[in-house]
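The data blocks that follow each hold one structure.
Both complexes below contain subunit A, partnered by subunit B and then by subunit C.
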Partner chain A sequence: MAVKLPRKDVVVIGLGWAGSIIANELTDEGLDVVAIERGPWRDTARDFNIATAADELRYNQRQELMVRPAQNAITVRNNASQTALPMRNWGSFHPGNGTGGAGNHWAGITFRFGPDDFRLKSYLTEKYGAAAMPEELTLQDWGTDWAEMEPHYASFDRIAGISGKAGNLNGVIQEGGNPFEGPRSEEYPTKPMRQPYGPTLFAEAARKLGYKPFPVPSALLSEAYTNPLGVTMGPCTFCGFCTNYGCANYSKASAITTVLPALVRKSNFTAVTNSEVLRVTLDRSGTRATGVVYVDSSGQEWEQPADLVVVSAFTFENVRLMLLSGVGKPYDPATNSGSTGRNYCYQTANSVQMFFDDKNFNSFIGGGAVGMGIDEFNNDNFDHSGLGFFGGGSIRVTPIGAAPIGSRPTPPGTPRWGSKWKSETQKAYLSTMSIGCEASSYAIRGNYLSLDPTYKDRLGRPLLRVTFDFPENDLKMAQYCTSRVAEIARAMGPRQIVERPMKGHWNSVPYQSSHVVGGFVMGTDPTTSSVNKYLQAWDVPNLFVVGASAFPQNPGYNPTGTVGALAFKAADAIRTLYLKAPGALVPA
Partner chain B sequence: MRKSVLLALAILGGLSAAAQAGDQTDFVTVERGRYLAVLGDCAACHTAPGGKPFAGGVPIETPFGRLVGANITPDRETGIGDWTLEDFQRAMSEGVAKGGYHLYGAMPYTAYTKVTAADNAALFAYLKTLEPVHSEVETNQLPFPFNIRLSLFGWNLLNFTKGEYVPDPKRDAEWNRGAYLVQGLAHCGTCHTPKNVIGGDKNDQFLKGNVVDGWLAPDITGNAHEGIGKWSVDELIDYMKDGANRYDIASGPMAEVVEKSSSQWTDADLKAVATYLKSLDGSPTAPPAPLAASDPRMVAGRAIYEDRCSGCHVGKGEGIAGLFPKLAAAPLVNNADPASLIRVVLAGSRAGATDARPTGPSMPAFAWNLKDEDVANLLTYVRNSWGNAAPPVAAGEVAKLRSELQP
Partner chain C sequence: MAALLAASGKAFGDVIRGTQPFSPFDYAPPETLPGGRWYFFSPDEARAVEAIVERLIPADDLSVSGKEAGCAEFIDRQLAGSYGSYERLYMQGPFQKGTPEQGDQSEFVPRARYRRGLAALDAWCRASHSKAFAELPGETRDEILSGLEAGKIELPGFDGRLLFETVLGNTMEGFFADPIYGGNKDMVSWKMLGFPGARYDYRDYVERHNEKLDLPPLSIAGRPEWKTRG
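Moving on, here comes the complex of A and B:
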């Protein structure tokens, strides 16, 4: 039986990027905030000590920063005709755990989505006509636009200290930046990262082909930076222990290096860690959240009443909590009705690998977001007339640091062990690079999230079930974009290239990307979306559900910058609108 | 100038009469007492971590054994509930507790004797407002013969001069306020002044650096080599107020001082203290010549520095302001005594965090992967590079501290 705790103004679920930002904004407003985090409190000084943080076995192979599947697993299948099975080891994606969340082990690539992305369906229909839209796609508009999003993107950039070069400042295209980005109100807070050899060669080749390469926007900082909360970060050392690791140098922006050191000092903030929220509680009418019930590490259940509930866990847990709490109608692909679980999308990962004879890339140098990119083949930056698909990808070279266990590039046909493997490894380790293409993932009717009918967690609650396969549209796009990447690769003069467009069915085993989005999406229509443009649940006005779960589809960009912007957007709506007039901010 | 001196005399002199202590329940008095308790960082010894405010119980390790901070809440049996203002005044100014027994020097009455009677009255008024906590604290846990308080009579004869701070009429009010705080309530000398064999201050070496509990409390006079002579008044204020300036970031016991005390001082008091400290003459001794870069210890140390340290402290020891301390031209690095340096390399350290600088970065521990000789060579290199010059560190010094740090 849950023990009832004293009421709080706000309860926040999850202390990753979104939860930490919102908790900080709302404590600034004077509200009494408690945040509940399923994992441990994490702290750079203690957990990511530089003498122990660079441990590939511990963090990359054994995935110490990811949530243990024994605590939160999911089940997966490709389509509704199959029976889903639980993932017992993380493969395709890496959900995080503890304060900082997946923001601790992320790569740090911090794109903003394009202005057209927020009204994708309308935009494509206006430009190409309704008849050109592939029948399988269920694209939706976000219900917001660039003008509304930009200030919140800027807030996130300032908190995180993002390093980069603006390509469009207030509508004026800037030399050296990404000319395809939406107009920025201000330059990046810190200068672009210095570029290693691989990205430099790629940029030269891309420039010769007429493209406009730019430094990838990076949450690994190029220089020391003190953010508006007074928290200081140091310059990235390109140590290469970055993606899947916590940063020991205070260089990678995450909630623990930017927000929590200031937030935790506030007397109106409380963090409850190692405690998992079981459900959001609703009143009898089902239209008002009364708080949450959570369980601590001893198995004791607690009821935390609150006036305002902010759900800001990872995509999977956001959607699962809404399904478990009965918020919104579960999506049913058979009837195409219901909203909770709808428009689950992913990211389509493609790459081209290059083997050189005469180059030394010092591949151990790197960082998750160090690199150069081009955007000519992303989203609708190229004409899709007659191509038979929509979407595209961000093409870039971002050497993350080739650690010795996981990074043993060898040309196809090399044995997996023995003396030949050793000699090929030796030959290829320093002289191999690859160009990635992180591409869009568009919604179709059959891809969705739901509760698994068979598998339950340790507390007896159904696991979340992912039903996903790559849409035909995305596979065509992958083929096309990877061919464009291969042209650049060939121009760089390698001995051999290997094209790896995404093909066939989604396989949950190899890592592809943790960019799982949708399932509790933003929109203008309560029958096809779960939250309005302020991230407020349509059915429950004192409930805000924030994160990549709100994306109706995923463009060819990494999601975190937009998650951060949405967190500021939701917090701003609560501060400036909701608190003055608690209730639905958009009429349903 | 003359006017401000007179004003200083008026303030200090006028309020020093105990008779003018005034209403002991007056808000203004109590609030001033609260601030004075912060200034003096009374909580450092009298509030145990997680314990009730001022209920005592903080162990203080001295070279002679353990003392424990007393319960100074107004509990009648176990605290100072039955003390009078005169009792309190005597404890502060003479080191003699109610009942006539002598206090040990860990209660820094050798400094507190400078505190005016009016300030003592305010402090006492504040302490009287606290929640009385019934908690018996055995303050004297010293071994024989140090546990015999009678010995303190002789100690006082050698080490203690009673008397309130007397303003220097040749200095302005700000300087005098700084001197009053540094010598008195802020008791900076308790850590920063060298001690004689029986633990008394070497007053001719006031604030010239001292090792406490394996930490070097560095020279904070104007000595530009081992002291803070290169720091400006503003940089000194930044350090005390925010815990960091462009040179350094407070860690160890000083981090606690900043967090619990100096970050909460008024800007005027910070300026006064900085002004006074900046006025103190540094040691006239010439800095030693740095070791040659070709010295085998330097060569070995440089390799370790580049592998282990340069990621944060950067190639030439510049550091990152507010995050990773600057090693070039740092007082702690150039000090003759390498105690703190050895300590932070072996055991690591967490910097202080303040509202202005909440980051609280850390130095990792290297005891587990650097041998004594490695640590010695590394520190010898750091202490003799980029303009630094200090005696080399011997492996034996590292071994000694390593064994002392074993739990």
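Moving on, here comes the complex of A and C:
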């Protein structure tokens, strides 16, 4: 039986990027905020101490910073005819745990989505005609646009101190930046990162082919930076223990290095850690959230009443909590009805690997977001007429570090052990590089999230079930874009290139990206979306659900910059609209 | 105020208010065990694992063998720790085989994989070669390992391929991980590759393009010469 606690103005679920930003904005408004986090409080000195942070076995192999599957797992299958089985260890993606969330061990690549992405269905229909749309796709508009999003992207960039070079300042194209980005209102807060050899070589080859390479926008800072909250970060040292690791240098922007040190000092903020929210409680009418019920680490249940509930966990947990709480109607692919669980998308990861005889990349030098990219083959930056698919990808070289348990490239056909394995491994270690293509993932009717009928978590609640396979559209796109990448690779003159477009079924085993999106999506129509453009639940106006769960499909960009922008957008709507007139901000 | 709340706050979760819960010198160390003994393997199991890892990573002019690099000790200590019981992983049933895309669905945790798998391997070797695996010549061991890898050898009572994949994965972890875990003795694999290990600052090197840097590797535990008088 849950013990009832005194009422709060706001309860926030999860203290990753989205929850920390919103909690900070709402405490600025004078509201009394409690945030509930299922994992521990993370501290750089304790959790990623510089004496022991460079530990591949602990952080990469044993996944120290990720949520333990024993606490919270998912089940997976490729289609509805299969029985979903648990992902017993994280493979394809790496959900985080504790304050900072997956934002502690992320790579730090911080793109903004393109202006057309927010009205993708309308844009493609206007340009190519409804008949050109592949029948399988269920694309949707977000219900917002670039003009509404840009100020919030700028807020996120300033909080995180993002390093980069603008390509479009107030509509004027800038030399050295990404000419395809939407018009920015201001330059990046910190200058671009210096570049190792691989990205430089790629940029030269791309430039010769007529492309416009730019430094990848990075949450690993190029220089010391103090953000608007007065929190200071240090410069990245290119240590190469970055993606899947916490940063011991306070160089990688995360909620714990940018927001929480300021937020925790406020008298109207409380964090409750090691406590897992079981459900959002609704009143009898089902149209008003009354608070949350959570369980602490001793197993005691508590009811936390609140006037406003903000759900800002990882995509999977946002959607599972809505299904467990009975918010919205569960999506059913058979009847194409319901919205909770709808439009689940991923990212389509492709790469081209290059083996050289005469180059030394010192590939242990790097970081998750250190690199150079081009955007000529992303989204609709190239003409899709007659191609038979839509979408594209961000093409780039980002050497993330090459700790050798996980990073041992060898040419195809190399044995996996023995003397030949060893000599090929030694030969390729410093002289191999690859170009990645992080590509779009578009929605289809059969890809969705639901509650698993069989498998339960340690508290007896159903696991979230992921039903996903790559759409034909995305596999065609992968083939096309990877061929373009291979042309650049050939121009770099390697001994051998290996093209790896995404092919076949989605495989849950190898890591691809943690860019899981959708399931509780933004939109204009309550029958096909769950939240309005302010991230406010259609059915429950005092409930805001914020995160990549709101993306109706995923462009060829990393999602975190947009998650941060949506957090600022939701907070702004609460501050400037909702508090003045609590109720639905968009008529249903 | 913060201390009072922290003390009374235990009653409704781990409550943090006012300041970050930071204590100087508080850090979460890696999970390591001292050397010089076997923690999990019986003497026969240790011999069998050493006989495997010295074939997976043979001694040649590039490095010592996986056995000499300490891969068996590494695996033994991993099995004794939290990895050995998969305590962090989702291990609730029902266990079903599933599709290749659904990944490892075995009900056996690493300790059981080694205990049952090595017993099955020795039983198979005694039946077909009249000797335990560790007593067979190197070439024969290679043939058996290849047979397990290809799924051509069926062990009595355990999935040979699962045993092979588990041992191969753990052997590579041991050979390339930081030496604090018992393998990669003298940072042998890092010297072989040119990987500088636990260094944490390449600002002076990031723009030295296409240059062989020859940086001596560094372990979390330092370098051997740090502990010898100059």
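Definition applied: the second predicted complex is superposed on the first by the 588 of 588 C-alpha atoms of A that agree within 3 Å, B and C clash if a C-alpha of one lies under 4 Å from a C-alpha of the other, contacts with A are read in each partner's own complex, and residues count from 1 in each chain.
Assume a residue touches a chain if its C-beta (ideal position, glycine included) is under 8 Å from a C-beta of that chain, and two chains touch if they have at least 3 such contacts.
Because the structure is predicted, anything quoted here is derived from the model rather than measured.
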First (subunit B), second (subunit C), both or neither touched by A:Arg575: neither
Which superposed partner A:Ala51 touches (first subunit B, second subunit C, both, neither): both
Subunit B versus subunit C as contact partner of A:Arg279, first or second or both or neither: neither
Which superposed partner A:Asn249 touches (first subunit B, second subunit C, both, neither): both
Which superposed partner A:Arg288 touches (first subunit B, second subunit C, both, neither): neither
Partner chain(s) touched by A:Gln426 [first = subunit B, second = subunit C, both, neither]: second
First, second, both or neither for A:Pro235, with subunit B first and subunit C second: both
Most subunit A residues touched (candidates subunit B, subunit C): C
Touched partner set for A:Ala262, first subunit B, second subunit C, both or neither: first
First, second, both or neither for A:Ala224, with subunit B first and subunit C second: first
Footprint overlap on subunit A, where subunit B in one structure and subunit C in the other make contact: 45-46, 49-52, 235, 237, 239, 248-249, 261, 265
Subunit A to subunit C touching residues, read off their complex: 3, 5, 36, 40-41, 43, 45-47, 49-58, 61-63, 68-70, 73, 76-78, 82-83, 85-89, 91, 194-197, 200, 235, 237-241, 248-249, 260-261, 264-265, 267, 269-275, 294, 296-297, 300, 302, 359-362, 364-365, 402-405, 408, 416-419, 422-423, 425-426, 429-430, 454-456, 505-509
Residues of subunit A that touch subunit B when the two form their complex: 44-46, 49-52, 224, 226, 229-235, 237, 239, 248-250, 261-262, 265
Interface residues, subunit B side, partner subunit A - complex: 308, 311-312, 320-324, 348, 350, 353, 355-362, 364-366, 368-369
List of subunit C residues in touch with subunit A within their complex: 12-23, 26-31, 55-58, 60, 62-63, 82-83, 86-92, 94, 96, 98-105, 142, 145, 149, 168, 171-173, 176-178, 181, 189-190, 192-203, 205-213, 220
